[in-house]
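In this document, chain identifiers A, B, C and D correspond to the written order of the chains, with residue numbering beginning at 1 in each.
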Amino acid sequence: MHAQSGGNLIRTSFRLGPVEFKNRVLVASGTFGYGDECVSAVDVNRLGGIVTKSLSLKPREGNPPPRIVETTGGMLNSIGLANIGVHRFVSEKLPFLRTVDTAVIANIAASTIEEYCAVLEILEGEEGIDAYEINVSCPNVREGGLNFGTSCPMTAEITKQLRGRTRRPLIIKLTPNVTHISEFARAVEDAGADAVSVMNTLIGMALDVRTRKPVLSTVTGGLSGPAVKPVALAKVYETARAVKIPVIGIGGITNGRDAIEFLLAGALAIQVGTANFVDPAAGIKVADEMKAYCAEQGIADMGSLVGALDARTGVSVLDSWL
Amino acid sequence: MLQTSCPVLSLTAVAENVFLLVLDAPEIAPLVRPGQFLNVRIDETSDPLLRRPFSVYRTEGNRLELLFNVVGRGTHALAEKRKGDRLDVLGPLGVPFTLDDPGFTTAVLVAGGLGVAPMPITTRELLLKGKAVRTFLGARNKGSLVTTHLVQVEIATDDGSEGLRGTVVDLLERAFASGVPARPKIFACGPHPMLKAVAAFAVRFDIPCEVSMEGPMGCGIGICQGCPVELTNPAKKYALMCKDGPTFDARTIRW
Amino acid sequence: MHAQSGGNLIRTSFRLGPVEFKNRVLVASGTFGYGDECVSAVDVNRLGGIVTKSLSLKPREGNPPPRIVETTGGMLNSIGLANIGVHRFVSEKLPFLRTVDTAVIANIAASTIEEYCAVLEILEGEEGIDAYEINVSCPNVREGGLNFGTSCPMTAEITKQLRGRTRRPLIIKLTPNVTHISEFARAVEDAGADAVSVMNTLIGMALDVRTRKPVLSTVTGGLSGPAVKPVALAKVYETARAVKIPVIGIGGITNGRDAIEFLLAGALAIQVGTANFVDPAAGIKVADEMKAYCAEQGIADMGSLVGALDARTGVSVLDSWL
Amino acid sequence: MLQTSCPVLSLTAVAENVFLLVLDAPEIAPLVRPGQFLNVRIDETSDPLLRRPFSVYRTEGNRLELLFNVVGRGTHALAEKRKGDRLDVLGPLGVPFTLDDPGFTTAVLVAGGLGVAPMPITTRELLLKGKAVRTFLGARNKGSLVTTHLVQVEIATDDGSEGLRGTVVDLLERAFASGVPARPKIFACGPHPMLKAVAAFAVRFDIPCEVSMEGPMGCGIGICQGCPVELTNPAKKYALMCKDGPTFDARTIRW
């Protein structure tokens, strides 16, 4: 896809395996519903892709309220993966998603490896899904609720199992709540993943000093929004230098400048999350601003920005005395 | 649902800590149904980050009116707006009150505090539909009352500085004790404990009752799943306040 | 120390071993110099304590500019532990610090375990130091620059070595850039630490899209300020439930409400960092607002708030489906 | 150094994208020495989080005047302030220009863009000290020039819309080519590349030169170590811009 901007033809598209994305802006899982909610306000066809809300095998009611709280420059959520379940997704949402002219990525969540596989196998039988994104930031019921995503072997095992069941692009969405995210990226690369998404939310917490209770019913929740952008950029940078498979950058992106920062740090594409709540058309605006940046800088192929960071100093992440 | 940038026509203090904001919103104003709300971006910065939801108070042609209380940093910043400043507004949002219902002839509006906000637009529509309207307002004190554009108003204040000393539910009890209106239906808006009491009252008198709920919202448009309201329905535990509400049949809510 | 507030006597003081702190607000290392810079604007005697800039054995020039960049609700820094070194600290700064009526905590940084010990031993010979805080977020030159603080055995070893050399309270300042901070807290507790400080900065990054360079000369830096508060609170909560030694809460605290949140989550005391840059009197204001909160809530001993969070739901950190 | 809350007396656009902000600052204004700066908290929110540094443009009794360019969100928000709004100001900060130096009789003020900001207060003090003053201003174009409260002004603009077409250093070269002032000392303020060129010029003519530097600051008061300026001194690699500067002898800087 070529976009006319400032008199220049700018190549905005990219490929992931067999899938062509018209631009590098996707909307992040859990921040755009199933793609049909915003239709009246947003022309979804102008997005590079839609990542669905995490789908589980059975419908999930989600956590009790309150589920969200605003923090400085961000928000905490503990939605509890409320979703209609993969079966209703297939019957109620997929028909619409087949009609849109943008890539559709089904995000999968589960509490056992078997459940991940089961959800994927149901979706494998359906047309209209371009790729899978696997949410590993889920409690593993077999391991006393320990998060899959904080265990490198578990994350690799999920990847391996799913890889054996699909030829569609498989993207593993990593959690930032680990010491070295690049270890996880390498593990899933070895297990056959086609790409990694970096990052899911940071664990955070807020208290109400009047009631002395946690604001969220689950005590802690996931932090997202502009506040986390610097952390996400560092994680993308760490990951992109560690693996050969593409990295999709996520975390606090609200405008085209933010998105370009992620590309420079090594992201092939980016996802817009929390910003959709502030402005349902945020994804489209980000895409337009990225094009405007390229026009201004005389960049013909946006892909040339990926990893094009000029790290003048030789100092590495770990040398820096903070 | 539309997203437009609306110039501020005026901002006036109408009661203690209560402001009336009038926007020029030719696209949105004509579409608003009573009980619907707007999700307003306070400014372009990230502090506050999220939009803030407000009921529509009144519309008149292209004019869109909101009534708000200053409670935190968002509403504080909103109260600093001046004529000509522009606000990015999403709306109209949510499910309006069901005013067409042929089953009632008298609408009983019950509002606590800023719960009065959706009542003027609701009143106008009810009167147009030929319904009788009675209005019961509860407030902290006389200074915080906003009674304009309402009809048949009865008042309760916490400190007794105007009307009955007590809650709006006490007021309702008293009024109904001296005669239940003909084929009534309650429309209530206010803090959760008040709505809960009104819902119980409605059950006791077996009166249909719709409530407009409040609570934290992430997006206001059904995409974040951040605003669950617990239902009595065993098959569906939660509804979304922003999309399935903010108005609900009081009997469907688990209070 | 009792403070009169709203007609009530409120106990604001607390003890850590032999040291009495007059209130629960300290200023964080690296955000208040050596305590002498702000004297003209701030009455340091009203603070609970001053934590010095990290002291190393030799003076350190610090990193090349730019060393700081503002981010949404926070800032990144890569100061590079610029400091005058322990010897000049003793001769030039300690005499002043001995005259102030507040606790003085010397923060120590080093690139080998021997250097940690050497700095501590020099300070051991001096009066006027009430406690030590050990900054383990430093690259270990022996391990190719790997951060001490992300290795549990290393962090424990530093603690053990220093414990053997002092009877003054020993506080280990933990990095949040690990999967389970509570493991580190338990390890230093076992190694003899008297308390832990939670947390140092999160690793983050910012890019200049015009020059395509990292903004900081070190590429990545440490994120601090209100943006990180939710993460810090969750780390304090996790730590306080894992160890018996006290936790000192740090991260994004700018007002009394923030500070009370940390106490409720389990912090014995708190430190104010980045907020000092916005308002050099931030620490004092936080202390005043904490007292005002207690007066309002009818709390006679601020200590009763420590860990007094009412976690109504039984859901634990790890059960929550983010 | 003092911290006070100062009411805005006026805010006026004085050139393209350039504003003059006048504050009422009875505690700070009388203390300010030429070349010192203020660190201004833009508002109470966390976006922007940090204060923003500005040179003092002029003082007059209790009046404290700043001149600023709108470049980002902080200065954008500052340009929205209105009379009566209050700003939290830290100041005066930093080391002033050394104007007492008996070694010079003619002060050569060199400013690029908003580097003109500290020149009026400096000019007044120099004239009071009986020094001769010559002023060289560089700007993008005529519309962005601010020439008030200056004396003996010569101008260069990038587009030639006023004065010489070229840089302020070109202007300086030309002026000095037609005669070097008696016992001169340069005081320069502007973007880093310009200061570097002026410093090289001063070395070439062997003229004493002080520069006022700019760059990101964390605290403005010496406690964050965030504002290093690289020195030529082998024993001391960095000075702090906020505490040891912003004015420096140009020869001490590693350009």
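Note that in this section a residue touches a chain if its C-beta (ideal position, glycine included) is under 8 Å from a C-beta of that chain, and two chains touch if they have at least 3 such contacts.
Just so it is clear, the structure is predicted and the values come from calculations on it, not from any experiment.
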Inset, instruction - Write down the chain pair with more C-beta contact pairs when A-B is set against A-D. - result: A-B
Inset, instruction - Averaged over CA atoms, how far is the centre of chain A from the centre of chain C? Could you give it in whole Å? - result: 33
Legend entry - Distance between chain centroids, defined by C-alpha means - chain C, chain D (Å): 36
Legend entry - Rounded Å distance between chain A and chain D, as computed from the means of their C-alpha atoms: 46
Legend entry - Residues of chain B touching at least two other chains: 46-47
Legend entry - Multi-chain contact sites of chain C, meaning residues that touch two or more partners: 63-64, 72-74, 77, 79, 225-227
Inset, instruction - Pick one for the touching-chains graph, please: line, ring, star, complete, other. - result: complete
Inset, instruction - Quick one: which bits of chain B touch chain A in the complex? Just the residue numbers, please. - result: 1-3, 41, 46-51, 88, 90, 215-230, 237-238, 243
Inset, instruction - Can you check the complex and tell me which residues of chain A touch chain B? - result: 30-33, 37-38, 40-41, 53, 61-70, 72-75, 77, 79, 82, 225-227, 254, 274, 276-281
Legend entry - Complex contact set, residues of chain C against chain A: 60, 63-64, 71-74, 76-81, 109, 137-139, 144-147, 150, 177-180, 200-207, 209, 211-214, 216-223, 225-231, 233-234, 237, 252, 257, 260-261, 264-265, 293, 308-313, 315-322
Legend entry - Residues of chain D defined as touching chain B within the complex: 45-47, 73, 77
Inset, instruction - Show which residues of chain A lie in contact with chain D when the two form their complex. - result: 72-73
